[in-house]
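Pasting the structures in now, so scroll down.
Next come two complexes built around chain A: one with chain B, the other with chain C.
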Partner chain A sequence: MNLRKYLKVYKKFLHTSLASEFEYKTNILVDLITAILSLIGSIFLLSIFFQNNGYIGGWKFEQALIIQGIYTILNGITNTWFNPNLTEIVKHIREGTLDFVLLKPIDSQFFISLKKINPSGFLEIMLGFFLLLFCIRINQINLSLSFLILSLITISCSICILYSLWFFISTTTIWFVKTWNAIEVLRSFLYIGRFPLNSFSFSLRVFFSIFIPIAFITTIPSEVFLGLSQLWKILLEVIVASVFLITSRKFWLFALKFYSSASS
Partner chain B sequence: MLEYRVEIALWAISGIIPFFMLNIWTNNNLNESINISDILLSRYFLCAFFVRQFSVVWVVFSFEEDSLMGKVSPYLIQPLNPFFRYFAQHLAEQITRFPFALIIAFFFFIFNPESIWIPKLGILILSIVSTFLSFLIQFLIQSIVACLCFWTEKASSIERLLFIPTLFLSGLLAPVVSFPSYVKSWIYLTPFPYLIDFPANLLSGNETNIRGGLSMQILWIFLLFPLFKKIWSEGTKKYTAMGS
Partner chain C sequence: MLQNIIDVRNLSKSFDISSKEPGIKGTIKHFFRRQTKSLKVIKDISFEIKEGEIVGFLGANGAGKTTILKMLCGLIYPSEGSILVSGYLPFRRKENFLKNITLIMGQKQQLIWDLPPIESFYLNASIYDLDKFEAKKRIKKLSEMLEIDEELFLPVRKLSLGQRMKSELLAALIHEPNILFLDEPTLGLDINAQRNLREFLQKYNKETNATICLTSHYMKDITSLCKRVICVHEGTISYDGKLDLLLKKLSPVKEVLIVCRSEEDAIKLENSGFNVKNKIKNEITIKIENNSITSSLKTILNNFDIEDLFINEPPIDEVIGKVLIKKNYDI
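Up next, the complex of A and B:
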């Protein structure tokens, strides 16, 4: 594969989209404040849950903060890459500009998924990291090489699952044209990723680990942080992530067969 | 509106976060500490879902798009304030959303048959009124934010900022009764608890101060309306059509 070419193209993408985003400087500032407030709000909500209980679903407050931290990082990644790019697919299809994307001598999924970048998501990622560092201190987690590797693996698997979910829903635009609200549904489901899976009732737990694997996205990495996770869970997450990535790729290629550009 | 049935159904589904929250509350017996029974709490969250469905406002996003595309100029020539146009759109969509919300409520009662209740007619009417007032407050706040488009072009990021306190303080995720006292001491002076918590408490039969809540809602409308008129007249003076 001509990896070097793709890297070079990505550098250009970064350059152009950052340049255009920095045209709206106040916008970025407002987004930064939003990210901070949103984190404060979710910690506030969590503190309401814990004000009279020591444990929720078997998690202590300090431990539940880890989930919050991982959620914040993933949300930042969503806001930086997935949200600005994948909502563009809707526009491409409605206005017929997907033709131009398909004609380019470059992989269309690569182009569509990475064209834009939203710098205000970076702060959210950083906030999440700081929260995680804080959690590592208050939970007295020993940093060892295996811990670092395992948490890196699980978090990158979570990113893959998240990306595939977003990409999957955006791809359905080819048939339904307007999927704006389907993305809203996904967002509201992802919202439960802020809480430990065990705090939900059994039926919801099953739903969120089989149909929409939100359970894998935040709970398993947090368990790795606490050293609670069994090896089979980590393996399962790796398998789920690769299945999701491959299916979303296949689905995109399949959907493109049904794409007839505007007025044809 | 009826053309986009699937879309509206999906939107109704995207409002189900209150039910997830209810699941956390009851599954961990968190409600014992705030003295609300399971049944009343489940009714509260169902009502919160309903109130949210009928008070959602997105005028900022419509107005921002229209103003970026230059569609506002022809609207301004018309003798009617363009916000009436958006207001009518919102009302129409709320009516179309009603059957979908009923279907979701129906499923909710299948899973929680013990929480079925029939509110008294007077209470029902009052809660419809207060839901409408809550919609008006949110519509006014968002219209004020939308008018900022005249200055900044992208007003939707300010709206996203304002949405955060609305989300966490309005009672959509946790009833305001459960908030710690250092928040409860000042929150009733802000508009947030009157957006969802007050109408939902009223409809679900939880304890609430009816007269106080309604008058606070009306007070906020009277405060926000002149502000909107002011910013609108300032903004239209500032406005220059694209290409001028």
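Up next, the complex of A and C:
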């Protein structure tokens, strides 16, 4: 793979999609306001849960805010990259415009996963970071190099798991043509990621760890923040993320053999 | 001798297609127990195309033209048989193969809707690994050939269909491909835009010796661009050869309207042994076989007092229409 070429192409992707988005200024403004209101609403909801009981699943409100911070960053990444690109896959397949992607001398997964960008998602990512910085202060977390490295690894793994799950579902469009509902179900499961895993019953904990690994996405990085995480959990998250990423890649290449293109 | 750039042997393609009965009952049945059947849309076809050739694929809707084109460019896996394009197996979509080909579809677009076409051109240039200087040079050359200028800087959504199609062509040709697959490129364009596009393709073929495979329902596209046609009928090739031979075979006679100086001359001509279609006063229409048209006209001009004459070619659409419904043409 020619890295220089891919960087050059990505720079063009950034340029063209930002230019497209800036054609509609009001839309960006509405998206930005929505992002701020959504975060305020989520924190308000979380504070209501903690109002009567100081702890949920062994987590204090200040600690649970870390999960909210990580969720906000991931949601920002979802809105910046996954939502504009991965929902387009369904459109590409239904309308046959995937033809143009497949005939370009560039990796098709790279093209359809990164072509577009929604700048309003950046605000959510920033808000999430600010919330995390605030949590670091109120929870008196000691910022060390190992802490930063582990946080970065676990958050990167969360991004990979989330991307792979979404990409996997979108790929099934090649057979099922319409998969909007499955993506909506995935998004609604992600809302669960705003709460500590321990706050759920045992059976739900198993379900959200094995079948839909939401637990890995927010809880493990949050535990790293609080210094509660065990090494085996971090390693497990790295393994799960790698398996998901490799599987989604192989599944895409396999699915393309069944692509029949839309009729003209 | 020119080399074969496309070589297709015993190619077949089947699709699994589900059918549904009408009404609510049919819908419920279709939802719970979908019945699929394998449909062979391309049946054991073989042909080859030489470098620099422009070949038209003719056929009714659903005959299999687009499926053939999509297999040639590597979008669809063949079920049986082999395809070799420029020495590559298309469905492997190797980088060097993809840099050699392009697909243009009249009904689908790759340009970024909200931005001027120039942005899409530079994006494509980066995908094909062209530096900015080279990209600029090629955009200038192609835009001059296509006669587009200001349109390059207007958002795609503001362009007319003709301007958009020209921009699509430019975006698809920026990497200077050797093989062009065109699927109904003039669809929906007005007469002038169609003519401009055809002239451009002729010029491009002449300058670059690119091979062009074209499907179109506009016969003017086929007659002005293609010397050779491949007629596809229900997934099989019903004719593969020169277009003029096909036309001669399908319309062996021409109609000639002769205006005589007097009605007496017209009566004389009517009784002179020609195949007369009709006669109105001093105007007489006769049918003459293609191979004897010159000698017959010479005889008429030498022996009768003629004021004027018109040779009518049968409408090409009508002639080609016959091909689309027939299974086999041996010429």
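Operating definition for what follows: the second predicted complex is superposed on the first by the 263 of 264 C-alpha atoms of A that agree within 3 Å, B and C clash if a C-alpha of one lies under 4 Å from a C-alpha of the other, contacts with A are read in each partner's own complex, and residues count from 1 in each chain.
To be clear about the criterion, a residue touches a chain if its C-beta (ideal position, glycine included) is under 8 Å from a C-beta of that chain, and two chains touch if they have at least 3 such contacts.
Computed from a predicted structure; not experimentally measured.
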Under the stated touch criterion, name the partner, chain B or chain C, that contacts more residues in chain A.
B
When the two structures are overlaid on chain A, which partner does A:9 contact: first (chain B), second (chain C), both, or neither?
second
Taking the superposition as given, does A:48 touch the first partner, chain B, the second, chain C, both, or neither?
first
May I ask you to decide whether A:199 touches chain B, chain C, both, or neither, giving the answer as first, second, both or neither?
first
Could you tell me if A:20 is touching chain B, chain C, both of them or neither one (first, second, both, neither)?
second
Between chain B and chain C, which residues of chain A are contacted by each of them?
24
Note: in the complex, chain A contacts chain B through residues 24, 26-27, 30-31, 33-34, 37-38, 41-42, 44-45, 47-49, 51-53, 56-57, 176, 178, 180-182, 184-185, 187-188, 191-192, 195, 199-201, 204
Chain B contacts chain A in the complex at 4, 6-8, 10-11, 13-17, 20, 23-24, 27-30, 32-33, 152-154, 157-158, 160-161, 164-165, 167-168, 173-174, 178-180, 183
Where on chain A does chain C make contact in their complex?
2, 5, 8-9, 11-13, 15-16, 19-20, 23-24, 95-97, 99-100, 102-106, 257, 259-261, 263-264
Touching residues (chain side chain C, partner chain A) in the complex
15, 66, 70, 73-77, 93, 95-96, 98-99, 101-103, 105, 107-110, 112-115, 119-120, 122-124, 126-129, 155, 183-184
